[in-house]
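Next up, some structures in structure tokens.
One chain, chain A, links the two complexes that follow: it is found with chain B in the first and with chain C in the second.
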Partner chain A sequence: MSQDRSQLVETIRDVVAQHAHLSSDAASLSASESLYTAGMTSHASVNVMLGVEDAFDIEFPEEMLTKETFESLDSIAQAVATLQDEQ
Partner chain B sequence: MSLRTELGATDKVADQHEIPTGTTVVRDLPPDTHNTWEQRVEAVVAVAREHADDVDRQGRFPHEAIGECRRQRIFGAVVPQARGGRAVSIVELCALIEELGRVCGSTAAIVAMHFSQELCLTRHVDLEQESALTAVTERVAAEQWLLASSTTEKNIGGDTRTSSCAVVENGDGTVTVCKSAPVISYARYADAILVTARRHPEAPSSEQVLVVAPKSALKLDRTTPWDALGLRGTMSEGFELEATVSADHVLPVDFATISSHTMLPASHTLWASSWLGLASAAGDLARKFVQKKARATPGELPPGALRLAELEIELQRMTDVVRVNVRRFADQADDVSVLGSMPFAIAMNTLKVSTSELVRQIVGDAMVIVGIASYSNTGPWSLARPLRDAMGPSLQVNNDRILKNTATLQMVSRGRR
Partner chain C sequence: MTTEPDVLDAERAFEAELLQAQWLLPTLGAGVTGTGVAMEAVIQGLQRLARDRVARHLPRPGALQSVRFPPVNGRSMLERTDYVASFPQLLGTVDVFSGDTKDHRRLLADREAGLPWDGHLHTSDYALVPAACHPLYAWLSQVNAATVDGTVWTITGDCFRNEPSPDPMRLVSFRMLEFVLVGSPEQAVAHRTAMLELGQGLLAGLGLAVTVEGANDPFFGRAGVMLAKGQRAAELKFEITTEIYPGRNTAISSGNYHEDHFGAEFDLRTPDGSVAHSACFGFGLERIALALARTHGTDLRTWPESVRDLLGLDAA
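Moving on to the complex of A and B:
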């Protein structure tokens, strides 16, 4: 994982810790672990989306607003990286 | 005397049409006819119409109409033909519910709820493979099983995506679920109940599975009766439910997927179809009433005519929103990227809220047009039963809860529809 990418994941981890209301500690999550299995409800996932948009000053397009995008720290990082590349 | 003992003592519990818990009813069905689907629907609607008033008056299960569903092999209609069903489309299914809604709101509601569960089986069990759940699905068609649903839970209410109860492994290949259910519609009359629960005792409240509990595996202890304003035949009583089934009765897909891909869109389109039937029948009565007046004074519009024209606007609006969304679900039913998308979730939410409010408004407005004759509990112009039935839809899964969910989605929606 590149330096940039791991920095990305850590920023997302902070957002997840604040908004996902997981039943486990966000600090111990692996990057590929399912956030839904860790207890993130669909309601909480909306707050994670908003938090990530704010943290990176981006706006997810409609086609990225799926359950899959917010499945794990990695999948969110992938989406953010894609959007940053486009900018 | 405890409430439960008191309830147990009422004669409503000893109902000859009830399926006793812990048993499987061996149903003696007459040989199937060669009726077309349309003829089958017609037969069921005729029986539902005949008994609707008595079902409502007595607040009892519509056993005649459900019995006719079994005779006409309505249950299992969406099961593939290779498994004994007739692979009826979602559009045809919604048309059946709409016709039932015109004559008996309770029967329409029960058949709608049955099919929202049947679709969960046919869409989330791999019916190409032999399995315990494939066998259950075959029995729905072969033995005309009526399926009920238990999602609502004490202290959680109508939030179907949250469970407190959990699937507990017994170590012998079986699992047990115990749920305090404030309401399970027609539970005492169902052949099986599909129960939501957390995947295991340590799982978070949102990590749910769907467990199929045939009556033979169920214990139901009735805690609250059903004596409601409307939809009185749905027998939506409260229960302490305990089910012990072999572990292969847990659906293999997580409930989050089953809910968004099937249970929510199926419930909302089927329910909305039943309310459209209810509203359309009330609209027909109002139209007939005004036309009767018009015949007495040709050349002069009778007093209710403008109100009738206004009512038509609402009826057209409701018909369109139901038809479009039934078609939306039917057309996209196999496209998981659409079913899991936000615009689809919002569309199903708004379908529920708009149609449940429209049915209340339309039946009430029809009553104003017909006047005092519709206010009577009996007689050819009575709208009393439809009016009472029409009050329920906004409350069963409260519209505010659905609006709140939609509001959350609006915070990130880009407005695509």
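Moving on to the complex of A and C:
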């Protein structure tokens, strides 16, 4: 994993810690662990989505607004990286 | 292919027909209508029929109880159900006046001058109820958890949704007859399945051509796109639809599995201490009555004998 990518994941981890209302500590999440399994509800995932948009000043296109995109720190990082590449 | 102006024309023509026949009674609010003699007889018949069918035929794990809540609840209910997050475009709160005589004089002066006077009011702690089952969860959260045992609750409630439309199928204020189960996940899912089947049979028996379809709620904004996709993917919502306008199905009932959404927020627990799951099935009473008018006409005397019997219209 590149330095950039791990930084990306850490920024996303902060957003998740703030908005996902997980039953476990976000600090101990592995990057590939399911956020839904860790207790994130669909309503909380919306707040995570908005938080990630604010943190990176991006806007997810409609086709990315899926459960899969917000499955894990990794999947969110992948989506953010894709959008940043396009910019 | 059906174009949009055609659809609007069809909606307006249907509305005109219903107003002419005094099925719908106009009020001073856009999208708000009263219910005329014939339509009300149909709605009362529908309620008797559905309640009777459920009492006789619905497989259920516990008791069947009927309760009633008014169309107004505490404003905090919109927060606790997440309605303010998911459907801000549909909600309505109640404004009130709580000034003194001087304030009242200012209000009247503005009114006399033809100015807006609503600025003299402020938002109260009351809100209009958007879904008939929401007050139930709020109430259950305040009583002994032992009642969250798979009882099926029957509620006819007035619902408010701020979406005025020329389509008589989309009223701002309407009634839902709901059958709600709060209990274990298995009980909730089974309830929804059984009610969809019962509802489909009941509506088909009234001569309506109905279809059961996966659906999503009209969640607001971009966040709503995500919620809607998730709701569809998890098959949480099904609608019973019928074709009112050519080429377009309209929902007349819906069955929803909420998972633990309400159970978690309102701390509803099953006897073994787990967070309760819930499911509701709602008959849209005005929509079903209007679908029947679309199918059988607005003159009840010409309706098929079997439908008149089922709805008890001869006694009406």
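Everything below uses one rule, namely that the second predicted complex is superposed on the first by the 87 of 87 C-alpha atoms of A that agree within 3 Å, B and C clash if a C-alpha of one lies under 4 Å from a C-alpha of the other, contacts with A are read in each partner's own complex, and residues count from 1 in each chain.
As a working rule, contacts are C-beta pairs under 8 Å (C-beta built on N, C-alpha and C of every residue); 3 or more make two chains touch, one makes a residue touch a chain.
Small disclaimer: the values here were computed from a predicted structure and weren't measured.
Asker: On chain A, do chain B and chain C fit together or clash when superposed?
Answerer: Result for chain B and chain C: clash.
Asker: Looking at the overlay, what does A:L65 touch: chain B (first), chain C (second), both, or neither?
Answerer: Once the two structures are laid over each other on A, A:L65 reaches both partners.
Asker: Counting only touches as set out at the top, which of chain B and chain C does A:F56 meet: first, second, both, neither?
Answerer: A:F56 contacts neither chain B nor chain C.
Asker: If you tally the residues of chain A touched by each partner, is the higher count for chain B or for chain C?
Answerer: Comparing touch counts on chain A for chain B and chain C gives B.
Asker: Give one of first, second, both or neither to describe whether A:S23 is in contact with chain B, with chain C, with both, or with none.
Answerer: A:S23 sits against chain B, while chain C stays out of touch.
Asker: For A:M40, is the partner it touches chain B (first), chain C (second), both, or none of the two (neither)?
Answerer: Only chain B; A:M40 stays clear of chain C.
Asker: Choose the clashing stretch of chain C with respect to chain B from the list 41-49, 95-103 or 113-121.
Answerer: After superposing on chain A, the clashing stretch of chain C is 41-49.
Asker: Taking the stated contact definition, name every residue in chain A that is touched by chain B in one complex and by chain C in the other, in rising order.
Answerer: Residues 41-43, 46, 49-50, 60, 62, 65-67 of chain A touch both chain B and chain C.
Asker: How about chain A: which of its residues touch chain C in the complex?
Answerer: 41-43, 45-46, 49-50, 60, 62, 65-67, 70
Asker: Can you list the chain A residues touching chain B in their complex?
Answerer: Against chain B, the touching part of chain A is residues 22-23, 36-43, 46, 49-50, 53, 60-62, 65-68.
Asker: What residues on chain C touch chain A, complex-wise?
Answerer: Counting only chain C, the residues touching chain A are 82, 85-86, 222-223, 225-227, 229-231, 233, 261, 264.
Asker: For the complex, which residues does chain B have touching chain A?
Answerer: Its residues touching chain A are 161-162, 204-207, 256, 260, 337, 340-343, 405, 408-409, 411-414, 416.
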